[in-house]
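Each in structure tokens, the structures are laid out below.
In the two complexes that follow, chain A is the common piece, with chain B as its partner first and chain C second.
Right, the complex of A and B next:
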């Protein structure tokens, strides 16, 4: 006796991506059900719903670029199954620069600079050419400092966003690439948000239908200094969120930290870190200092919050992970974890696995 | 003389084999298909409601589950642990065939909570199992040729070389 497709689907919604990929081999009907794009969307929406008790994972490339490794953070930090990297990607200039809905945004410099949007579970991928820089041939591809990938729901489209500043020109450039239209467009209003070169490559923080980075603000509405810039996905505009208090970049190291519904910033001075979260998005007065156990040195940077309100930190030097819990609760135990196959350049990104495939691009008619 | 409260009304259900079950109307509410039938009937339903797709074994299990869950919910605070223990035993007590039969019955009768629990149980069972196990469990015949299946496995090799292998 076998179950009808509608009941099978309900069971499938509760299975992780890896099981579903394996079970495509059960029979052709199952492959058809599991490969269906509507099912992929439903499965992803169910998996990331807050009620589902499924934590975001952390993903990184192994140091030999043979695989993309996954780490789960709850109930305790542990390795999850890795994804295989295609032969063509095995390349020391490969670097993760963003993630969204099961897709990973990668940057590759050899043989030519290119961006790659890739779902490690389904293999669905697209190569994104760097934007045209016909104005200055000396710098064919500026080194980008703010980058990320987001999902535009109204269009079922994926957008790759870049904010950069070229060494000789102090003016910032903000652009976004649409997978569906296969083209780059300027983002208006980016003149006053300059990516801060000293902050290095930032992974954007996705929150509330926008993606965020730390930049230098030199517009007229606010004193010059470091702020959070938000790219709103629906309106394609940039706006500013002030920090909890003005920062002198030479004294503090800043990084955005999110996950589990939190929008926060970590401020690290030469001794130890502070984490602020925004209780009400974009309301400046709603920054609060979180009261929790924090590492008492400055080699650790926060990676993400977990559903139970803990924070996973990474040691910048040896890439060890440590989970710190709430102050005053029984969960003050520190859990330390060593990553496999990592090196000093390893970048970890928050990752939600999915069965999704990219929309096909259609060139715009002139 | 006080009137009989709504929760004390009894509904009679008849299975495929002709067995009759007397069910409190408060329990019958969780059998949404039955409740819809009651709601659609203008008068009180006195004659047994026939359930042509449901066997005695399944209805007995479903009512057992619902009766216990009602008891746990209306009881003392420790009920959560007891309920979890009951659920675990309930799931373990069934063979795979019985589990599938119960899902079909629960689906027909539209018993939402039980159906969710059963679906999760099946998902937990098959999650880390091999493709062959899953075929067996669902009674599915493999309609791939050996070449087709090998190609599919090779394309998704990473999924089969997991950290946990059952």
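Right, the complex of A and C next:
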């Protein structure tokens, strides 16, 4: 049967990205249909629509840096097909530091520091230059702790955001890079938000058209301590969201948890974790403690929520994954899932595969 | 009631005079559409006349006056004409329920029950028969359980590639949503996970349009697709 393009498109919209990558090789007509940027956007919007019952996957780099492995979280945790990594990126300083709309932000230190925006499904990638800061000879230097990549819908642009702190002056620096304009800009008002070095590198949490990290706050309107900083994508400004209650960083370990429409924070003390979610975004009084089965020790850190309201946890030591659900579910039935090709430094990010390509302003490398 | 145009009030009166006659004269039909529209807003009008909806029909309760109004009477038939000029008589309600195109034609009054037949020049007799079969089964068996319906659907789509294509074109033309979804799902399952050569065969792609270098490049980069 020879289907007309409109009907082919309807069928393609229902297929997963992986099948579409394969079907690009069937014939030229199919290739041009699938490679069309408009189609890629439509496909992505359809795939992540809430009605589609789509669960975000988890992505991580294999310990030999030959591939990016993918893990699905529903109905139970299982491996998905991996993505091949370019030969040139096979080295031990490669690390995932952000993910958005099928793109993964990677940073590399050897042979020289570089940032890369990469779509694992299509293989296309672009180098992002480090900010050019002649007054600070320490840039590029791996002392940025808050990083992430976001999508600016109004401009069809991708932004890379970095928050760093100069080691000597302890002064924070916030910058963002726009792929379309191919340049870095300073973010105003970043003086009160200092990335906390003891928290190490943080993946940002994307929620409600903003990206979030945990930082130390020095503003005058709130006692000094850890808060959540939100970078609003539309206005390019930073704002503060207080925690459920003030934290002494030496007592608690904090991490942001999201996915499936939740915005939460996990607080781990020496015994066990607590998870708070914000019912109403940015309303301080709406933090509530979630009522669900939690690990009974502090070896686990939460990775993400799933559509069915469970939380996927990772064991810090052996990197096993486990899913905890509502109260009342049988604890004996909890299955531990072993990741393939991981090591102690493996970092997992939430990931949604896509066929999208970056707006052309950077030179595109295939 | 006072705000309704006088012709419609007459129609209602005429309709109410019908005793035990389930078929409504055509002059009442436009009024019935109005009634059904109002149904959602002004229930009290209907309750004043003791009319209530009973599964797609409006039934007046008093035994002396049985007003049976249907969105397409179940006994009413329409004529569909295939590309081979073969005529098929189908219950109006069945086609109206499934095909958006036919529903629109009957609703906007461009179709005259007594005289005209609906020409479907792009659908041949064999396919039209199958489509009618599908719609009829799904209307008459809509209260069956899900498994039985799915089993019937699977059996229904047990056709060769050409037959499936013809069904898809017909369902697309007639805008039969659930049949379309069913066929798309089947095609999706047919091609997911298959090798490229197999897919080319299914879709009758004789010339893939790539140069021999491009084709070689593809095979080298993705050997597991072939």
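Here is the rule we go by: the second predicted complex is superposed on the first by the 352 of 366 C-alpha atoms of A that agree within 3 Å, B and C clash if a C-alpha of one lies under 4 Å from a C-alpha of the other, contacts with A are read in each partner's own complex, and residues count from 1 in each chain.
The definition used in the following text is that contacts are C-beta pairs under 8 Å (C-beta built on N, C-alpha and C of every residue); 3 or more make two chains touch, one makes a residue touch a chain.
No experiment lies behind these values; they were computed from the predicted model shown.
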Check: On chain A, do chain B and chain C fit together or clash when superposed?
Finding: clash
Item checked: Partner, of chain C and chain B, that touches more residues belonging to chain A -> B
Check: Can A:2 be said to touch chain B (first), chain C (second), both, or neither?
Finding: both
Check: Touching A:23, do we find chain B (first), chain C (second), both, or neither?
Finding: both
Check: If you stack the two complexes on chain A, which partner ends up touching A:317: first (chain B), second (chain C), both, or neither?
Finding: neither
Next item on the list: Please pick the stretch of chain C from 25-33, 43-51 or 205-213 that overlaps chain B when the two structures are superposed.
Entry: 205-213
Check: Touching chain B and also chain C: which chain A residues?
Finding: 1-3, 7, 10-11, 14-15, 19, 22-23, 25-28
Margin query: Going by the contact rule set out above, which residues of chain A touch chain C in the complex?
Written below: 1-3, 7, 10-11, 14-15, 19, 22-23, 25-29
Next item on the list: Would you pull the chain A residues touching chain B in the complex into a rising list?
Entry: 1-3, 7-8, 10-11, 14-16, 18-19, 21-28, 30-31, 67, 79-84, 120-121, 123
Check: Which residues of chain C touch chain A in the complex?
Finding: 161-162, 164-165, 168, 172, 184-185, 187-188, 191-193, 196, 199-200, 202-205, 207-210, 218, 222, 225
Next item on the list: Over in the complex, which chain B residues touch chain A? Could you list them?
Entry: 97, 100-101, 103-104, 107, 115, 119-120, 122-123, 126-128, 131, 134-135, 138-144, 149, 152-153, 155-160, 162-164
